[in-house]
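To keep things simple, chains are lettered A, B, C and D as they appear, and every chain counts its residues starting from 1.
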Amino acid sequence: MAMSLWLAVLIPGAAAILLAFHRQHQAQINLWASALACIAALLAVLGPAHAGTVLMLDAINKPFLLTTGFITLTVALSCPYFLEPAGKGGAALFYPLFQAFSCTMQLALACSNIGILWVALEGATLATVLLVAFNRTPQAVEAAWKYFVLCGVGIAQALFGTVLVAFAAHQALDDPQQAMNWPALHAAASHLDPTVMGIAFVFCLVGYGTKAGLVPLHQWLPDAYSAAIAPLLAMLSGTLLNVALYALLRIKMLTDAALATSASHDIPNMLLLAFGLASTLLAALLLLRQRDIKRLFGYSSIEHMGIATFALGLGTPLATFAALLHLLCHGLGKAALFIIVGAVTRKAGSRSTERIRGLLHLDPRLGWAFMAAAAAMAGLPPFGLFVSELLILTSAAAHQPWLAASLALCMVIAFAALLRQVQPMVLGEAPAATTMQTKETIALWPSWLQLGLVVILGLLMPPPILHVLQNAAIRISIPLP
Amino acid sequence: MLPLQILLFALAAPLLNGWVDMLRARLQNRRGPSPLQPWRNLRRLFAKEPVVPHTASWLFRMAPYVMFAATLLASSALPMLTVQTPLASVTDVLVLTGFLTLARVALMIGSLDPGTAFGGLGASRELMLSALAEPTLLLGLFSLAMTAHSSNLAVLVGHLLDTGMMLRPSFLFTLLALLMVAGVENGRLPADNTTTHLELTMVHEAMVLEWSGRHLALVEWSGHMKLLFYGILLADLFAPWGLADHASPAMLALALLCLMGKLAALGVVLALTEALLPKMRLFRAPGMLNLAFLLAVLGLFSHVILEHNP
Amino acid sequence: MLAMGLAMAAGLSAAGPRSWERLALQLLGASGLCSLAAGLWLLLGGPSDAVVMTLGVIPWHLILDPLSAVFLLPLGAVVSTIALYARPYLLHIETGFRRPGVATGFFVASMILVLLAAHAFPFMLGWEGMALASYLLVIQHHEESASRQAGLIYLLVAHMGALVLLLAFGLLAHGAGGPDFAQWRAAPASASAMAALALACLAFAAKAGLVPLHVWLPLAHPAAPSHISALMSAVMLKIAIYGMVRLCFDLVSVQSALGLAVTMITTGALSMVLGVVLALVQQDIKRVLACSSIENLGLVTMALGLALLYRTTGHAMLAAMALGAALLHVLNHALLKALLFLGAGTIQQACDTYDLGRMGGLLRRMPASGGLFLLGCLGLAAIPPLNGFASEWLLFQAALQSWQMEQGILRSLIPLAAACLALTTALGTACLLRLFASAFLGQARSRPARRAREAPRAMLLAQGMLAALCVLSGLFPGLLLMMLNQVTVALLHHPAVQTASALIITPVTATQASYAPLAVLAVIMIIALCTAALLHTRKRAALRRVQPWACGLGPPTARMQITPAALAMPLRQVFAGLLSIHERLGSPQGRRYHLEIADRTWDLLYAPVARFVMSLSRHAARLQSGRVRLYLGFSLGTLLVLLWVMSW
Amino acid sequence: MTSMPLAEQGVAFLAGLVLLTSFVLLSQTRLVPVIYACAIQGMCVALVALLRGIVDGRGELLVSALLTFALKGLCIPWMLDRQLDRLALHRSAEVLDHQGLVLFSGAALVVFSYWVVLPLAQMASSIHGSVIMVSLAVVLLGLLMMVVRHQAMAQVVGFMAMENGLFLAAVAATGGMPLVVELGIAFDVLLAMVLFGIFFLHIRENIDSMDVDRLSALTEESGVVEKQWP
C-alpha cells in the first residue's frame, strides 16, 4: 500500500519533468500520467491506514486524495480541447506545469511532515502563477501578479505558523526529529503549549485562509479566476481550495487538543464561524453584480468555502461530516462546472453573462449539462450539496440559531443571484449573432460522470465511503484524549 | 303542509307587490292600479308567445325556471304561518342565503347570455350591488343565529318567541342593516328604480330586457316572491308574535291575519321610502352598503360583547 | 409506497424516446389511481403500513397514516385525470422542452414523498424536489420572457421557504434530540418549539401562497401548461396545508399557540379578501383561477387558525369541527380547481388564447366543456347543492359555536373572521360568474373564438370524471366527513361532525343545524319540473328566434357587448385601495384605453427589499477595489486583529 | 548582556542588526541601497544560523546556513541588480508618502510583536525566545513595506525581508528544521525570485512603469448597470 501511495505522488512529478523536455504528443503522456496517478490513488485509498515517515494515509486525507486524483484525470481528458487555440508553445508550457501542480497537490495531501505540506502548497502556487498568466493579456498579467503576491504573503504567514507549531512540539516532545510529523503531533497534541498553539493557529488560519479564499483575504481569487483558462480553473477550484482547507483542518485538530483545557478553548471555532459567515455574506452580495461568467463562479466557490468553514467552526461530528461532504461534492461539481463553462464561453463566443443567451437552443447537450452543473452549485435536490447544506443548516440551527439564520439568509441571496444570472443564459432564444466558434464539441461525458458522482455522494452514498467519512468526522471533532 | 305553504306564498307575492305600487301611487296622489294588477300582468305574459334572441343558448331558456324554483325553495323553509316548517330541519339560515345567491346567479347568467349591451350593463351593476349586499345579509342572519346558538330558522324563531322581545341593541342594528339590504336586493328606490327604462339608472330592469312571454312571467314572479321573502323574513325575525306553534285551523287563521297585518305595515314603510328617497348615483350605493355592513358588524359585536349569556 | 415507485417510474420512462410518451402517461395514471386506492383503503379501515430503510445519508422513514391518506385522495384523483387529459393536450404543444413527462413524474413522486415522510430529511428532500420539478414545468415554454420571470420568482420563493423550514426543523430536532418525527411527538413542549413552529408556518405560508408571500402564484400558474397548473394549484398548495396540519396538530406540542392561531386567522382573512379582489380584476383566465386559489387557501388557513384557537382554549370538540371543515374544503377545492384549470386548458386549445377579452360565446360552440365549466364555477362559488357550499357551511357552523368561548376579545375576533368569510364568498361568486360569463356567454369577440371546436373526447372524459366527483362529494358530504372523522379522532380525539350519514350531516346537535344537500336538490328538481310541465301543457312550435334589442340600431355586434374589464369595473372602483391601478388613454388621440393592474404588495414589500440588497452589494464592491497594496493591507490588518483576539 | 556566553552575545547582536536593516529598508527611497540592505540582512540571518549550528553542534544547520548565505546574501541580490540594469531603474527614486507615519507604525508593530511573543519567550531557552520576537517583527515589517511601497521591485524586496524573518524564526525556534524542509524552502524562494524576474518584464511591457497602483484594471466598482428586479 505504501508503494501505491508513493506512486500516486511521484507519477505526476515524473511526468512533469518528462513533459518539460519532451515536445511530441504531450497530450497523450499527460492523459496516461493522470490515469496512472488516479489508479494509484484509488489503490492507496482502498488499502489500510499507513503512517510512514514521509508519507502517511489516514481517514481524513483518504477522500481528498481520491477526489484530487479523479479530478486531475477528468481535467486531463478535456485539456486538448482547450489548448487547441494555444498551439504548440502554449501546450509545451501548460502540460509540465499542470502535472507539477497535481504532484504538489498529492504531496500536500499525503505528506506526514507539516514542513513538506507547506513546501508543497508553495510549489502549487508557483506552478499555477504562470498558468494564470497563460494568455498574456494585460488583465491576465495583473491577475497573475496579484495572485502571486497575495498567495506568497499568505503562504509566508503560514510558514511562520508552521515554525511555531514545530517550536511547541519541540518543547513538548522528547526527540526533536519527530517534531514535524502529523502522527507524532496528533499523539502529543494535548501536551502542546496552549498560547503558542493559539498564535500558530492564527498564522495558519490567515495563511491557508488566503489560499482557501476566505473573505478578508479572498481578493486574488476572482481576478485569478477571470483570467485563467478552464482546465486550470477546474483544478484550482476542485483541488487547491480543498487542500488549503484540509491543511487548516489539520492545524485546527492540533489547536483544539492543545486548547482543550485552557480558558479560550472555543476561540478557534468562533474564528472559523466568523470567517465562514463573512465569506458567505460578501460572496453572496458580490454575486449579484457579476457580469463575467468565470468571475461569477469564482465568487460561488468563495461562498461554498465559507459554508464549509462555517460547518467546521460548529465542531459537532455531524457538522464536520457535513463539511467534509460539502467539500467533496463542491470539488467534484465545481470542476465539472468549469469544464462546461469553458466549453460554453467557446461556444457562445463571449465571457459576459449578458451576451450568452439561449444555450438550450444553441447546443442542447451543452445547455442541459450547464443547467445541471449550475443546479448542483445552487444546492438543488438531487445533488450532494443539497444534502450537505441540509445537514449543516439543521445542526447550525441547533447550536447557533442566530448565526444559522444569517447563514440561511446569505445562502438565499447567493441562490437568487446565481439563478438570476444563469437562467437567462440557459433559457430563451439564442440571438442570431452568436457565431459558431468551434466546430468540434467537447466530450461532455467526464463532466456528466462527475455530476453523477455528486448525486451518488448525496443521495445513495455507498457504505464504505460513509464509514470513512464518519470516522474522519469523529476524529476531527472530538480531540484525542 | 309544505305544498299548501308554497302555494299560499306564490299567490300572495304579486298581491304584496300590487299593494306597494298602489300605496306609492296614492302617495304621489294618483289613483294607481289595483293590487290585483300584477296577477293580471302574469296571466297576460303566460299567454303571450316567448321570443328568444338567436345569440342566446339553452342557458337563456333554462335560467328563469332555476330562478323561480330557487326562490320558491327559499320561501318553503321560512316559518310563514307555523314555527315548525317541514324543510327547517334540512335547511338553515345560511342555506337560505345560498338559494338567494343561486337565484341571482341564474338571473345574471340569463341576462349575460344573449350578449347584448343592456344585459352586460345590468349584470355588472347587479354584480357590485349583490356582492356588497350579500355579506350584510349573511352577517345579520349570523348575529341573530348567535343569539339562539343555532342557525336553524325554526329554533331561532322559537327562541325569540319564548325569550320575548326585550330591547337588544344588536337587534336594532341588524334590523336597520337588513332593511337597507332588502331595499337594494329588491331593486327598490335608493339603489335602483323598478319602473324606469333609462339606460343610465336601471339595474334589475336591464337584465330582464331580453326575456319575453312565459320566461318574463317567471322572472317577474320570482322578483315579487323575493320581495315577499324579505318581508316575511323581517316579520319573523323582528315581530314573531302570532305565529302558530301547532297546525290547528284556528291558530293558522290567526297567524294568517297577523301575517297580513305585518306585511301591510311593511308595504307602507316601503312605499314611504320609495316616495321620499331620490335615486342615488350608482357609486353612492357602495357607500350605503358599506354603512349597512358596518351596522351588521356592529350588531354582531354588540351581541358578542354586551349580551353574552353562555 | 407503490404509488411513489410508479410515479418515479413514470418520470424515468418519460425521459425515454418519443414513443415511450404514451407509456409514461399510463404509468402516471396508474400511480394516481394507486395513491387514491391507498388513501381510500386506509381511511376505510385498513392498517397504516410503514417502510424504514436507510440509503446513504438520508434515512427513508415512510409511514401512511390517516392524515397523509386524506391528502393522498385529491392527489390521486387529480393525477389520474391529468394522465388522461395530458395525451391530447400535449400533442398541440410544440414549443419548450420536448419531454415534460420527466418533470411531471418527478413532481408527483416528490409530492407523495412529502406526504409519506416520517423523518425530517426525506420530508425536506421531497419538499425541495417538488419545488425544482415544478420549476422545470413552469418554464416549459421558456421562449416567452414572462414564463422565465415567473419561474425565477417561483423557485426563489420556494427555496427561501425551504431554507426557513430547514431552520425550523433544526430547532425542533435540537429540542427533541433527533430528526425523526416519532421523537418529535414524544418531545416535551419547549420555548424553542414555539419559535420553530412559527418559522415552519411562515415557510408553509410561503408555499401555500398566503398574502405577503403570494406574488409567485399569479405568475407561476399561467406560465405552466394547464394540466400542470391544475396539478400545482389543486395538490401542491395543499401539501403546504398538510405540513401546517402535521406540525401544528400532530408533531409539536406547545403550551399556548394563541399567538400563532390569531396570526393564522388574520393572515387567512387578509389573503381571502386580497385574493378574491385580485381574482376579480385579472384579464388572464388562469390568473383569475390562481388568485382564487389564494383566496381558498386563505379560507383553509383561517379554518386551521380557528381549530388551533379552539384547541388552545380547551374546546377540542369545536376544534375537531373546524379542522374537519378545513380538510373538507381542501378536498372540494382540489377537485373544483382541477376541473376549472382543465377547462381553461380546453378553452386555450379551442381558441389559443388565455385572454378573457378575446373569448366569448363559446357555450354554443363547445356545449359540453361549457357545461362542465359552469358546474365547476357554481361549485367553487359555494352554491348550495354543490360541494363548495358544504365546507363553507361547516366552517360557518364552527364560527357560530364561538359563543362557548370565555375571553371577550377572542369571542369578537371570530365573528370578524366570519364577516370576512361572508364578504369573500359574495365576491367569489361575483368573480367566478364574471369568469364564466365573459368566456362562454354572449357573442365571440375574436375570430379564433368564433371558430372554436369542441375539445377532444379524452379531455372531456377527464373533466367529466372530475365533475362527477365534485357532484358526488357535493350531494353526499357525509361520506367524506365519515373519513375525515378518522383524522380528527386521531389528532384531536373528537369526531369532526357528530352524525355524518350519507344523506344528512349535523355538526353539533340536531336542533342546532343540519344540512341535507340531496333533499335540497330533490325539492328544486320537483319544483322546476312541475312548473315546466305546467307551462308546456299547450303544444308550442319551436321557439321563434329574433334579433336581440339594441335600441333599434340593427343587429348588436360583438363590440357592443360588455367586456370583462367593464364587468368588474364597479367592484374595481370599490376596492381600488387594495390594488395599484394605472388607467390611461393611449395614442392615437386617446382612442386606445390601457389598463394595467399591479399587485400593491409588489412595491410595498418586494421592491424595497431588492433595492436594499443591491445597495448592500454596491458597498461590498468597494472592498474589491483592484489595488494590490490595499489587499496586502487587508491581510496585515486581519493578522493583527486575530493576534490581538488570540491574546485575550 | 554581560552574563551571557560569547555566542549568545553574537546572536543577540546579529538579531539587532537584522531588525536595524528592516528599518533601513522601510526608509530608503532609492532602489540600489534597498537591495544592498536586503543582502546584508540575508547575510546576518545566515550568520545567526552558523552561530547556532556551531553552538549546538548540528551539522545540517551549518549546511543550511551556508546555503542561505550563498542564496540570500549573494545570488538573489545579484539577480535583482541585473534586473535593475535591464529595466534601467538605477536612478529611479520613489517618493515615500507620509514617511514619518510609516516609521512610527513600524515601531508600533515591533512593540506589538514583543507583546504577542512575550509568553513564548519565557519558555524558550535563553536568548532564542527574544530572537523569535525579532523574527516576528521582521516579518511584520516586511509585510508593512510591501503595503507601503509603490515600486514592484521594492515589494519583492519586502517579500525577501519576510523570508529572512521566517528563516530567522525557524533557526531560533527549533534550532533549524529538518534538512529536506530547509532545502524545499530555499528552492521555493529561488523559484519565486526567478518568477518575479519574469514578471518584471511582463509588467514593464504591459504598463511600461513599475508602479504597482497602475495595475488596478480588475475591479468590481466599475458601475454595473443596475439590473432591475423582474
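The definition used in the following text is that contacts are C-beta pairs under 8 Å (C-beta built on N, C-alpha and C of every residue); 3 or more make two chains touch, one makes a residue touch a chain.
These figures come from a predicted structure and were not determined experimentally.
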Greatest separation from chain B - chain, by CA centre: D
Centre distance in Å when chain A and chain B are each reduced to the mean of their C-alpha atoms: 78
Distance from chain C to chain B - Cα centre to Cα centre, in angstrom: 35
Between chain B and chain D, centroid-to-centroid distance (C-alpha), Å: 99
Chain C and chain D: spacing of chain centres that average the CA atoms, whole Å: 68
Two or more partner chains touched - positions in chain D: 116, 143, 146, 155, 215-218, 220
Contacts with two or more other chains, residues of chain A listed in rising order: 145-146, 149, 153, 157, 195, 199, 222, 286, 289, 420
Touch relationships between chains, expressed as pairs: A-C, A-D, B-C, C-D
Residue numbers on chain D that touch chain A, as the complex places them: 116-117, 119-120, 123-124, 132, 135-136, 139, 143, 146, 152, 155, 159, 162-163, 165-166, 169-170, 173-175, 177-178, 180-181, 184-185, 187-188, 191-192, 195-196, 198-199, 202-203, 206-207, 215-218, 220, 224, 227
Partner chain B, residues of chain C touching it in the complex: 360-361, 363-364, 367, 370, 374, 378, 381-384, 389, 393, 396-397, 399-404, 408, 411-412, 415-416, 418-419, 422-423, 425-427, 429-430, 433-434, 436-437, 441-443, 504, 510-516, 519-520, 523-524, 527-528, 531-532, 535, 540, 543-550, 556, 558, 560-562, 566-571, 573-574
Touching residues on chain A, where the partner in the complex is chain D: 113, 115-116, 118-119, 122-123, 126, 129-130, 133, 136, 138-139, 141-146, 148-149, 152-153, 156-157, 159-160, 163-164, 166-167, 170-171, 176-177, 179-180, 193, 195-196, 199, 222-223, 226-227, 286, 289, 291, 420
Touch list for chain B against partner chain C, complex: 6, 46, 49-59, 61, 65-66, 68-70, 72-73, 76, 87, 89-92, 94-95, 98-99, 101-102, 105, 108-109, 112-121, 123-125, 127-128, 130-135, 138-139, 142-143, 145-146, 149-152, 155, 209-210, 214, 218, 282-283, 286, 293, 296-297, 300-301, 304-305, 308, 310
List of chain D residues in touch with chain C within their complex: 112, 115-116, 140, 143-144, 146-148, 150, 155, 212-213, 215-221, 226, 229-230
